[in-house]
Amino acid sequence: MSAAPAKVALLGAGRMGQVHGRNAAANPRLDLVYLVDPRPDAAAQLAAALGCPVATLADALADPALAGVLVATSTDTHLDLVLACLEVGKAVFCEKPLDLDPARLRAHARVLANPPAPLYVAFNRRFDPHFRALKTKLDGGAIGTLETLHLISHDPAPPPPSFIPTSGGLFRDFTIHDFDMARWLLGEAPAEVFAWAECLVDPAIAAAGDVDTARLVLRCASGRLCVISNTRRSGYGYDQRVEAYGAKGALMAGNPRLSTLETWSEAGTLAAPIYPSFPARYAASYRAELDHFADVLAGAARPLTGYEASLGALLLADAAARSLREGRLVAVEAP
Amino acid sequence: MSAAPAKVALLGAGRMGQVHGRNAAANPRLDLVYLVDPRPDAAAQLAAALGCPVATLADALADPALAGVLVATSTDTHLDLVLACLEVGKAVFCEKPLDLDPARLRAHARVLANPPAPLYVAFNRRFDPHFRALKTKLDGGAIGTLETLHLISHDPAPPPPSFIPTSGGLFRDFTIHDFDMARWLLGEAPAEVFAWAECLVDPAIAAAGDVDTARLVLRCASGRLCVISNTRRSGYGYDQRVEAYGAKGALMAGNPRLSTLETWSEAGTLAAPIYPSFPARYAASYRAELDHFADVLAGAARPLTGYEASLGALLLADAAARSLREGRLVAVEAP
Amino acid sequence: MSAAPAKVALLGAGRMGQVHGRNAAANPRLDLVYLVDPRPDAAAQLAAALGCPVATLADALADPALAGVLVATSTDTHLDLVLACLEVGKAVFCEKPLDLDPARLRAHARVLANPPAPLYVAFNRRFDPHFRALKTKLDGGAIGTLETLHLISHDPAPPPPSFIPTSGGLFRDFTIHDFDMARWLLGEAPAEVFAWAECLVDPAIAAAGDVDTARLVLRCASGRLCVISNTRRSGYGYDQRVEAYGAKGALMAGNPRLSTLETWSEAGTLAAPIYPSFPARYAASYRAELDHFADVLAGAARPLTGYEASLGALLLADAAARSLREGRLVAVEAP
Amino acid sequence: MSAAPAKVALLGAGRMGQVHGRNAAANPRLDLVYLVDPRPDAAAQLAAALGCPVATLADALADPALAGVLVATSTDTHLDLVLACLEVGKAVFCEKPLDLDPARLRAHARVLANPPAPLYVAFNRRFDPHFRALKTKLDGGAIGTLETLHLISHDPAPPPPSFIPTSGGLFRDFTIHDFDMARWLLGEAPAEVFAWAECLVDPAIAAAGDVDTARLVLRCASGRLCVISNTRRSGYGYDQRVEAYGAKGALMAGNPRLSTLETWSEAGTLAAPIYPSFPARYAASYRAELDHFADVLAGAARPLTGYEASLGALLLADAAARSLREGRLVAVEAP
């Protein structure tokens, strides 16, 4: 605790930049010294809120005291920025995904897989305290050998249809988190996938060529099975659960609620709503992954997820898309 | 199981007579052979439903094959009928209370405390599976030494005001069950009681000289404390709970619900209602106490509750009434 | 209620015969008058317990006062017995399945689909109060249009390996209940199925040519999706749940527990176990389906499930088996 | 939000000083500019952690830019410091209690009841999100007229015996929070109190002249009743609950848990533990009350609790102590 805070720069003043920026500013082990965003207004506004100067990327990277960079720009810029940072030896915290194109990732495999500075790709759900408690018990043998897994990820309401064409499709945009969770929790790489998906929520999503409701089954070489449930509109909040079934029992990580309040009436007992959206539901995980990055910068930890996790989740998404297109079981490429 | 069912007679075709009669008819270890009720219509109707002949009390008691009698008549007849049955050596299952007058009970202490045939007084809650599960864990040391107890007994809706003057008052009519539960669960006799009660539900109850909402504290010689919460109108169903706090933890027996159904909406998660009334909530306890009586008739058990439990609960009710009247702490007489 | 109880005969004194026999004996609207079983010992023992004479099938069916027959014999005899009863105009309650061979069922389609007397095939789970509460809310529009369904059916422990070869395989023996539940709850026939199954629990099951762990996805013509989760060994009890997701929310029917008792300690809050096995978990459904049969006999209801439900569930099982064998999505035949 | 943060000083670098200091440092609407503590080591250590200079009280109060003072020193210094701050027109956030002597408080009633600058006394539980959600629903009429209240406040483990003689006794030290909660939630002043308390946890507490287990009943003029349950050792964590019973139903605010994880085994379903101690359980309330103080400093709110709440809770504690001593019901003085 006695070490000086590590100096970091934030790239991107958008939605995720604001989340990571606020958490970095509040983290006593990080010192946010530069904010970089080419849009002057957005940059100035967030900089003021964070009490952090605006800088150019070049100036920030030229600072020898800078230890790390938080990349929270638009997805299509992630990879180039990450490479630029790594090249000058800065540790990187990159908002997910690293890139949406497996071929591009593989083209840079040499540097990304063994980077000259640490590279953390922000699969934040691995840092959610509820899922982490499950993982800890699972690893501790509480339910014996894991046999099947069920991941539930339901959004409260669909995005505007205009978002769909730029999203990369349900599997790359949305299920990608579940693919990473599956890889993390299964303890073994999924070997095959079968995807079933429909457009049940909003015809505009179908018109844009996408689906909004999906059930996928992943199978590992050992026979271990994983079901993923997705919908873009639950009607009851942001539903994020993990169910792990093993030889000796089961572990269930459920939804935290807005409060512990129960209302008892003749209609029954009403528990308070679950969280309505991801920023509130996953607030603790965003803080915890910055703590992890602080550990990485302090040399006390290696990044939990990087190139392999990014490529692995992406290859699962691509296999699922192919399964859906071709109506058949598809083998998953190894990352 | 190979023994022939024990022959029993039912006295009383009213509400509790119907409950016990149906359970007796369905119990393979009991053979309901007589129904006695001076009201011909009521008797005939229940007898038809149960497939059991109507008889006079004299004829029933004269049958040497008759092993036991279920007394489910009006409260003011209980004691005389019980004495008549015991006199001719018939085992008795007597609906609670044995009598409302401690002096009358004591006047017959010799025969009631050491009856010539077994006498069970139906404090049915001791046979509720939820409370019984709690008692079993408590006795097994699950929470170490018991320190405090909280009994919650809330009726869904008040009785008609016309019932109040004949009820014996809240403590004798309603809290009596909680007094028995306290005596059973505390494992030691309450030594003192302080009662606070109000009429908050229905002014007609106050007009009839009674209260409808109460909080009582009982204290044992060891310092062990018990709170009893009563209301005649909950607004959310028939609420019956026990909370036991010990040196190493707590045991909570809650309310079963109409089903396990949960409805998830933006308003929250609605669990199904708890039971709306005592006949449904305590159905299992009524069946179980008849099983207990079958055990008693078979010589396999001694009655769990009889004269001492009846008098003990009644003396607590009287002490509570005095505490309320005099606004002070009152010592409880030993039964 | 004033009608005389309907006279019924019970065929079969085995496990399910005992369940239905006891419920029939306790049901005031049924009068169990014959027990038929070719094994004298089994017949005599159950007849004594039920207080019901043993008879031959011919004698029972020859009784013009006999209204209905409960068929609870071994599976391979069901169809012939059902046909024999229907032929002489007796209403039939047939323990599931009617037959394991779709071709045989179809060969008798004329009489089974429009039987001369009512034919109920005992898919008891439709009468479980928890699932029925869910179905009622679903039909009442509580969650808007149903979109996806999740059926969880996990056995506590696998059967002896010797049972497997005679079982018909996991899908016909075990998942058959879930197939019927899916047909009932989806409100539309599943059009396609994809089945993934493994032997993870007991290698002896694989040696016998079967699987013990499965995940299936059913798809309706409307796009509605249903996941079925099965395992022959949960390690935590008999887990039976339904989750229904709609446009406006979700309905969840969970597991009843042995009691409402909670134990609070430093380790957390321990709720009582769920039921350990199907006879206890589904006891209420067995009673309720006999009530339904009493309604049928009284002319107050038509059988909820018969030939079409039997054939429909069986065709789903066969499609699932084919999907598993061939590793592909399979279209489901209409019954 | 565009206003500059309000400058505040923190008095006290002890346990509560650390809590409030960290929250003040992280609150974007507050600017912590001075830390005052006569113990140089403690002051220097916390100042370093907070990035805030150490100052003398005189220097801090002499700063005309200083808007408010957080008083988190030892209890016996609170009142003098508060008076000193108010005298020079600084708004005050005073850690509870303002003082333990009603006579001293009353001696300064003129200035404390109508202070020259705002005075907030930190009854933090009123800012707990769970209790606040209950209060909001209660005020919104969700359960009709409030009739009875139950406050549960159980510590996980007793303090060291050496703390007891300096604590002021259970009612002033511990129950004081519940007295304030009762005053807040009842919506009317308690008129009478009956207290029953024992030493059941640790004989050393009795040796020090105090009790560790209590049940109290408060009564309002309207007849509304409130039970308070206290123990210094629960054996299962830090148990903080509120139950409010009204004419149309009930509201229950329960214990948040360390996570939503459930472990399903044959023993039952184990929910994660509740919080083990107050700093974790009430962390959100400490942050929220500093937000409230920021509102007060911005002129956007009046202090929720001040002189009257302090004196009111203290007078309840004194009445309870008298009730316990004299074994009788005691009327509560108005503040």
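Read from first to last, the chains carry the letters A, B, C and D; within each, the first residue is number 1.
Assume contacts are C-beta pairs under 8 Å (C-beta built on N, C-alpha and C of every residue); 3 or more make two chains touch, one makes a residue touch a chain.
Just so it is clear, the structure is predicted and the values come from calculations on it, not from any experiment.
Asker: Using C-alpha centroids, which chain lies at the maximum separation from chain A?
Answerer: The most distant chain relative to chain A turns out to be B.
Asker: Return the chain pair with more inter-chain C-beta contacts, choosing between A-B and B-C.
Answerer: The comparison resolves to B-C.
Asker: So what's the Cα centroid distance for chain A and chain C, whole Å?
Answerer: 43
Asker: So, what's the distance in Å between the C-alpha centres of chain B and chain A?
Answerer: The computed centroid separation for chain A versus chain B comes out at 58 Å.
Asker: As a quick test, compute the distance in whole Å between the mean CA positions of chain B and chain C.
Answerer: Averaging C-alpha atoms per chain gives centres 39 Å apart.
Asker: Where does chain A touch two or more other chains at once, residue-wise?
Answerer: Those would be 143, 235-236, 239, 248-250, 263-266, 272.
Asker: Can you list the chain C residues touching chain A in their complex?
Answerer: 143-144, 147-148, 150, 154, 194, 196, 198-201, 213, 215, 217, 219, 223-225, 227, 229, 231, 233-236, 239, 245-250, 327-329
Asker: What does chain A use to touch chain D in their complex?
Answerer: 26, 28, 49, 129-130, 133-134, 137, 142-143, 248-256, 258-266, 272
Asker: For chain A, which residues are in contact with chain B within the complex?
Answerer: 235-237, 239, 257, 263-274, 276
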